[in-house]
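Input: one structure, supplied below.
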Amino acid sequence: MGIGNIFKMFQPKDKVFFVLFEKVAEELVAMSKEFHESLLDFDINDDTMLQHMSDYEHRMDDLTHEIFVQLGENFITPFDREDISHLASRLDDIADFMYASAKYIYLYKAPLDPAYTEFTLLIYKSCIEIEIAIKNLNGFKDSKAVKESCIKINSFENIADDVLSQAIVKLFETNDAIKIMKVKSVLEYLETVTDKAEDVANTIDSILIKYA
Amino acid sequence: MGIGNIFKMFQPKDKVFFVLFEKVAEELVAMSKEFHESLLDFDINDDTMLQHMSDYEHRMDDLTHEIFVQLGENFITPFDREDISHLASRLDDIADFMYASAKYIYLYKAPLDPAYTEFTLLIYKSCIEIEIAIKNLNGFKDSKAVKESCIKINSFENIADDVLSQAIVKLFETNDAIKIMKVKSVLEYLETVTDKAEDVANTIDSILIKYA
Amino acid sequence: MGIGNIFKMFQPKDKVFFVLFEKVAEELVAMSKEFHESLLDFDINDDTMLQHMSDYEHRMDDLTHEIFVQLGENFITPFDREDISHLASRLDDIADFMYASAKYIYLYKAPLDPAYTEFTLLIYKSCIEIEIAIKNLNGFKDSKAVKESCIKINSFENIADDVLSQAIVKLFETNDAIKIMKVKSVLEYLETVTDKAEDVANTIDSILIKYA
């Protein structure tokens, strides 16, 4: 795991994984940016955003699939195959839950809760840190910067926990059971996106511990 | 991981794991078949189905336990011990959530939602593909067929996502908060079964990537 | 994995992980004891318990972080780095969900359900068994005792499943949608704590299978 991997790191076959992970991170940044900006100025009758979220989600599926195909073909990988497949799956989860959040916002047609954009901003910031972490993970260029991004993502998840509980308390004050069920469900999907970002940070962190 | 495992594959000690995994798959097919057929012609006052689901769930626990006992005794395994224990746990999850779905259908005594049998049909089809995948995984006989089954299971999970969101939208139209809570909870348990089947497919897929 | 690890087991560097895991287990026992005892004689207007739960949760975060730091520094570990990081994360999950349960009991200000203390007793008993299991895992002193603790934790989780479903059925009899949503949510957090304890037991079990 020591010397062997150091050599592997300089082999060109490696590059394909980092190229793919960087593309994945770019998609997540663009997806979360559009999600956030669209909710800041939302029109339930215009489903362009939902269509775009679905497109992003499909592209993420394709990229994730491509990573798995490459794993099947490349004997040389920059770190353990299990770590690569685990990281790819966790990144895909972020897109899945972001899309699910968007879908239920449209399906329920409930008025937007002010916490929605608090969440989407935290999600957008988390995706930016994921992109930074993945760039710095490439060739284990800058372990310290990777760690800092992971710490930030963890702190965004902690903030999201508080946003969730405060939003739920306010929501119950409406005493409107149907509305509570709908909005609580969306809030929980949104909070899950930040959990999935934290899973990505923890996965990257454990890769660092093994190889850096 | 290469040559070593190829030799291991032909050793008789291996067989015990495939025999056990095939038994597990058979139980899941029978369990999901009875679950589906019983809901097609359901009588809340006859709890025979629930009793059977409980029996299946116990047999699955016993088989899963037996796989773990064998893991503790057999030095030779067809693939990594972690992969065997992971696959066994994920298969057991399918039975657990199928039993939980059945239990809450009886406990809540809510009228059946038409989506229930859409889910149970998808679950039954997924279990059939799991059985096919496990048979073809034995000795890595037919990797292409294994992959095809995994793709089908993934597509069933995608369909289940849509079944869930459409059923929830219709359910909210009743405006009956108590009924919505009960039925939504059962729908979510049923959808989780298809998620667990997808986890099995992904686990099998990652075993293929490592060894085939 | 065989001889190499046997030697590693006698090396002093190892000790740090068991010392940390034993501290973690002690925190969980103290946390679950206070949680249970405080709910037996509960006063919603006195938030001392919530403050203590938050303190425990922070100390658990610090200990978990310390385990990860040591993983990054120690070349020699008593078992695979992945198993150590996995076990540490699963133990931390128990504290996270115990804290979340306490938080929502205070936030919702709903009358306590009698099932709350049934759960907290099961959680407390599970944490005691986790402490026993970890002490006996140290140097693989007593594998049989470790297994027995894991079996007990699994049985507590099974009991918790029944406590949950019976409590939910009774809760629905109130026909009070708002109350049902609040209490059901707390019950589910509490039940999740026992799921997380079961995850710890399964992780310990799989470590036993690999090394004992």
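We just call them A, B and C in the order they show up, numbering each chain from 1.
Note that contacts are C-beta pairs under 8 Å (C-beta built on N, C-alpha and C of every residue); 3 or more make two chains touch, one makes a residue touch a chain.
Each chain and its UniProt protein: A, B, C = Phosphate transport regulator.
All values derive from a computational prediction rather than experimental measurement.
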Given that chain B (Phosphate transport regulator) is a copy of chain C (Phosphate transport regulator), what angle of rotation, in degrees and a multiple of 5, matches their CA positions?
-> 120
Can we say the copies chain A (Phosphate transport regulator) and chain C (Phosphate transport regulator) touch using the same residue numbers, with more than half in common, or are the two sides different?
-> different
Chain A (Phosphate transport regulator) and chain C (Phosphate transport regulator), separation of their C-alpha mean positions in angstrom | 27
Contacts with two or more other chains occur in chain C (Phosphate transport regulator) at residues 177, 181
Can you check the complex and tell me which residues of chain A (Phosphate transport regulator) touch chain C (Phosphate transport regulator)?
-> 165, 168-169, 172, 175, 177, 180-181, 184, 202, 205-206, 208-210
Along chain A (Phosphate transport regulator), where are the residues that touch chain B (Phosphate transport regulator) in the complex?
-> 68, 71-72, 81-82, 85, 89, 103-104, 107-108, 177-178, 181-182
